[in-house]
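Below are two complexes that have chain A in common, paired first with chain B and then with chain C.
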Partner chain A sequence: MSRAASTAIKPAGSSADRHGTRKALRHHRLAETFAAWSLAGPALVLLVVLFFLPVFAIFAIALTDWQFGASNLSFVGLGNFKEVFADEGFRASLVNTILYVVIVVPGTIVLGLTIALLIESGKSCRAFYRAIHFLPFMATLTAMAIAWEALLHPTIGLVNQTLAGLGLPTANWLRDENTVLPALAMIGIWQNLGYAMVLFLAGLKSIPQDLYDAADIDGADLWLDRLRTVTLPMLGPVTMFVFIVVALKAFETFDTVQVLTQGGPGHASEMLLYTLYRESFEYLRTGYGASVAVVFLSIVVALTLIQARVMDRKVHYQ
Partner chain B sequence: MSAITIEKIEKSFCATPVLREVSLSIADGEFLTLLGPSGCGKSTLLRILAGLEVQTGGSVSIGDRVVDGVRPKRRDVAMVFQSYALYPHMTVAQNMALPLRMRRLSSWQRLPLLGRFMPGTNAVVEEIDKVVMRTAKALGIGHLLARKPGQLSGGQRQRVAVGRAMVREPAVFLMDEPLSNLDAKLRVQMRAEIKELHHRLGVTFVYVTHDQSEAMTMSDRVAVMLDGELLQVAQPQEIYDDPDDRRVAEFIGSPKINMLDARLREGGLADTAGTSFSIAGNIGPGTALTLGIRPEAFHLVDAGGRNVLTGAVRLVEHMGSDLYVHLDVPGTDHPVVARLLAERAPQIATGQTLHLGVKPERLLLFSADGKRLRHDHHRNATVLRIKERVQ
Partner chain C sequence: MSTPHSQGLSAVLRHCVLLITGALILIPFVWMVSLSIKPPGEIFRASFSFWPQQFYGIENYTRALTEAPLPQYMLNGVFVCTMIVVLQIAVCAPAAYALAKLDFPGKNLLFAMVLIALILPHEVLSLPLFILGYQIGILNTYAALIFPYVVSPFGIFLFRQFFKTIPDDVIHAARLDGLSELSIVWKIMVPMALPAIIAFGIFSVVSHWNSLFWPLIAVRDQSLMPPPLGIMAFKNEEAGNDYGPLMAASTLVVAPLIIAFLSAQRWFVEGLTGGAVK
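After this line comes the complex of A and B, so read on.
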């Protein structure tokens, strides 16, 4: 290094000097590259080992008929995928998952935003309301699912007791093909609500007061006009984020299905992640399970790409 | 008619007074600037005028109408914000059209898709588009109508904000530091444009700024505010030449006015900084005074004596046509700053001893509590006199 320093201050006169400077520069660049790799290295290794390799493994296994624990396997090409899409159980599972997402995502967004607006408009007990609405998100869903099972119990559950008390029709919520998916969706909304609410509250806080003032002066001073002119458009990026995160979480629903219904009655509440789990670890059809995982992965990646490519530009108003 | 009368406005935020009994009359078509350092309450006063803030006490009238408790949109005022407050999701055209849409269309007609099919909507929308187009062209932003604010430069956004205020032809324009987010060059240009806009529209402008050059160049009258109080309301030149209060004199003028503490003795002489100044009038000997001397009131003289400050040059700043000479004068806390014409001043070097003369009539006298002492020619007396303001 001392050599590098001494050549750096000398005016670049003779060719020997210039040679020295170039050498010092190259040395410096090498040191920088080394530093960069050693800083990024650990994260890169983790990313490759924990993320890229498993994904490649899944793609590879999906093309085989491997069974968990089996010592031999053979290449079946797209056979697994053909079977997956021909399987009625899988199709039901896919439709159920999509239906579930279609109920949970808008429900969570609308309710979360409503609660955030209500909390923000009031002055008292804000922290309390925030906390109780956020609790379900913090709690372990498996434990909460048991509580929900008790609530939804056909005879002694609070829900049916209340409905009966009010003279309304009751149902066997988790054992009826028609009600099981909506019931699970309600639990999904209940669980994600707090998360959406907290994000919306943060979004509301970051809207500049100037915009509301301008809306007041421009004449948009009624509640609905303010909402339409300032609040909703300014919440665009947050809503987009909530949409993607809740959609991903809804696609990944597993705990409630496993604890409450095991996919039944029939296939009425079977969802993708549950199918994947059952095929891979209960029936030990790992190759088939992997091809379900590939389908699942493509949906998730597609959702993320939609956010990155299309919506981001729209909601940030560039 | 859109004269504004502000009567004894008071405002406190949680027991902290921000405005104390501010009274002010603004004539129809006047360009009045509220000038003061940040935190002096000038923006709060403007927001009370707009109806965005409710005063704790006092009353505001616009035109002949008392507007206390009237919603902002019914006050016939438009406001330009420091941040411009443009709606980022709307195009320039939509931003400018919004005030008209909110006024001319019913809430049914404003519905996103259905509104277009409501009777009469199309005619009104066409009319609004025409007004927006005309205004945009007048402001030179006609080619930007389809853009979003995020795609515009600071100056263009500023014009859009002004355009949004202009479209509804309000009786009063309120501007809250509209130029402070622009770079220096653009600020000077926009200063002239806003002044021209005022001439063209002929409506009342109330302009808030902390920048004295904006206040001095644009205003018909300047209202200097400090700590929630109105210290002086007068034409720019008068504020500069004839300040009512020591704080006004110190706030206006760059470089800052020189303030020398003096004590009066027999013979109408005030002793300060190793010299004495002749003070006409009949103030009692022993009175403590402050002498205010504007930097440009000094002229070079050859030797020390009465009405002459002598000191060593500490720093010379060349400003082109002028020189700012900082002088260490014995007996003063701060260096005395003199502004000399570059061509009249010979080569001045640091460390050199300089004699600066002041004509007695260019001295501004302030009493110990900061009030101005003026010379009353009729009685040949310098008296503490707060000028009766014509408001």
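After this line comes the complex of A and C, so read on.
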């Protein structure tokens, strides 16, 4: 590649002096190219081996009936995808995942935004409140899921004790097919709202004071007026960003399902990533698992592209 | 205009609401610690009290540390996270320098590859990576836990952003001093971009310390398990309904990151929001 490049820029000048400069320049270019590729080489090789070949492999495997460990496999075209979408378990998994996302995303955004607005509306204890609300986002979810299981325990759990104490109906949250998904979604909101809060806090900081001054002159005296005319419209792009990022996180929910419910009862809490794991690594239905991965990948990539389009209008990476 | 009186009232209201939401957020942590110091009898007698009548913490924590190889899990976690973050920086910093400061054919293609890899959710790649690990015979070893993560597209992206803000003059001066390109990366760029390196390090350590999905696939031996997988195994095995030791183990797994977070809050927030805050 570098040889082709060097012949392409063969100097046309005849003066020995100019020839010498060009030669030096060409030498410099070659040296820079060589240096760049030696520095980026390891990363390039690893990106190909650990990201790009696996992506191609997943599409290829999805078109076969391969079962891990089997010595023979045959091409089945889109057969796996037909099977995937005809499978009641997968359809339940897809619907549950979407339902979960539909609960978690608005819940996280509304709570995260409210808490960010409250924190920002005063000067005292900001770091303290931010720390408390952010805590669940970095705590090990596997361990916290176990704590949640104790909280949601049908007889000795704090949730049911409190409800019973208040004379409200209780439930066996994680074993009842009507409550299991909302219960997991509640844990999802609990975990992510601090993340949304931090992003909103950053968005609030970037709103110029001038806009509030202008709103004051226009007679927006009340806090609510300023919120409606300045704060919320200015938070539009941040909200879109939070929306997508939280949606992606919600789509990728795995730990709580694996630790707390294993997809049950029935298929009531089965979600895409758990289905992907179980089909690929427990049932070893490799071809089938790969096509679940392709479906999952399509959703995630679609969401990311929407995000990229939205952010592109606001941010430039150069 | 709002009067001082109404301002005082709204400040009180602000603290009230935030203290209540904060308390609700903390309930799982508080409950976990509370159960970890209660004897079985008190756990199953269901009471609201945080502090037990009979302090049983020593028994529960001893059982968590001896019945499950919890210290082993923690050491595994520390080792795997350290290896991952060191390798990631070693691979990503030079590549990021090339992308930020050098001009070469294929540069745009390489950057496009980084951006595409950034989109791919790692779980989707797990099946081919599992097969790759199987083929080269490293499944069920530390290497299996580490190898999928040695290159981080996010790391390359983040470092490139930061390196771009370092003036070219600094690099020219270093070249005149006779530094090689590789030593420019390690002696000039990385020290100057230390905030980005630290933020990335925190991001990487937190996500790999907490991750369950890949370890569940990559290792079977208890002696290799990182904390989340270990604690899940502990739950499934003996501890099933033995909440005391299980909560003690959970507390010990969560504690290191929480302590680190509380002592370096700003760094954690910056690292975990991936520079989105800036």
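Here is the rule we go by: the second predicted complex is superposed on the first by the 265 of 318 C-alpha atoms of A that agree within 3 Å, B and C clash if a C-alpha of one lies under 4 Å from a C-alpha of the other, contacts with A are read in each partner's own complex, and residues count from 1 in each chain.
The rule is short, and it goes like this: contacts are C-beta pairs under 8 Å (C-beta built on N, C-alpha and C of every residue); 3 or more make two chains touch, one makes a residue touch a chain.
The structure displayed is predicted, hence computed values, not measured ones.
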First, second, both or neither for A:Pro233, with chain B first and chain C second: first
Chain B versus chain C as contact partner of A:Leu211, first or second or both or neither: first
Partner chain in contact with A:Val110 - chain B first, chain C second, else both or neither: neither
Which superposed partner A:Asp225 touches (first chain B, second chain C, both, neither): first
First, second, both or neither for A:Leu276, with chain B first and chain C second: second
Contact breadth on chain A, by residue count: chain C or chain B: C
Partner chain in contact with A:Leu158 - chain B first, chain C second, else both or neither: second
Those residues of chain A which chain B touches in one complex and chain C touches in the other: 221, 317-318
Chain B - residues contacting chain A, complex: 47, 50-52, 71-73, 77-79, 81-83, 85-90, 98-99, 102-103, 107, 148-151, 164
Contacting residues of chain A [partner chain C, same complex]: 1-2, 5, 32-33, 35-40, 42-44, 46-47, 49-55, 57-58, 61, 68, 111, 115, 118-119, 121-122, 124-125, 127, 129-144, 146-148, 150-151, 155-156, 158, 161, 190, 193-195, 198-199, 202, 221, 223, 241, 245, 248, 252, 254-255, 258-259, 273, 276-277, 280-281, 286, 289-290, 293, 296-297, 300-301, 304-305, 317-318
Chain B-touching residues of chain A, taken from the complex the two chains share: 208, 210-211, 213-214, 216-222, 224-225, 229-230, 233-234, 236, 316-318
Complex interface listing, chain C residues touching chain A: 1-2, 10-11, 14-15, 17-18, 21-22, 25-29, 31-32, 35, 43-44, 46, 48, 91-92, 94-95, 97-99, 102-107, 110, 113-114, 116-117, 119-121, 123-132, 147-148, 150-151, 153, 156, 161, 164, 181-182, 185, 206, 209-210, 212-213, 216-217, 227-229, 231-232, 235, 243, 246-247, 249-251, 253-254, 257-258, 261-262, 265, 268-269, 272-273, 276-278
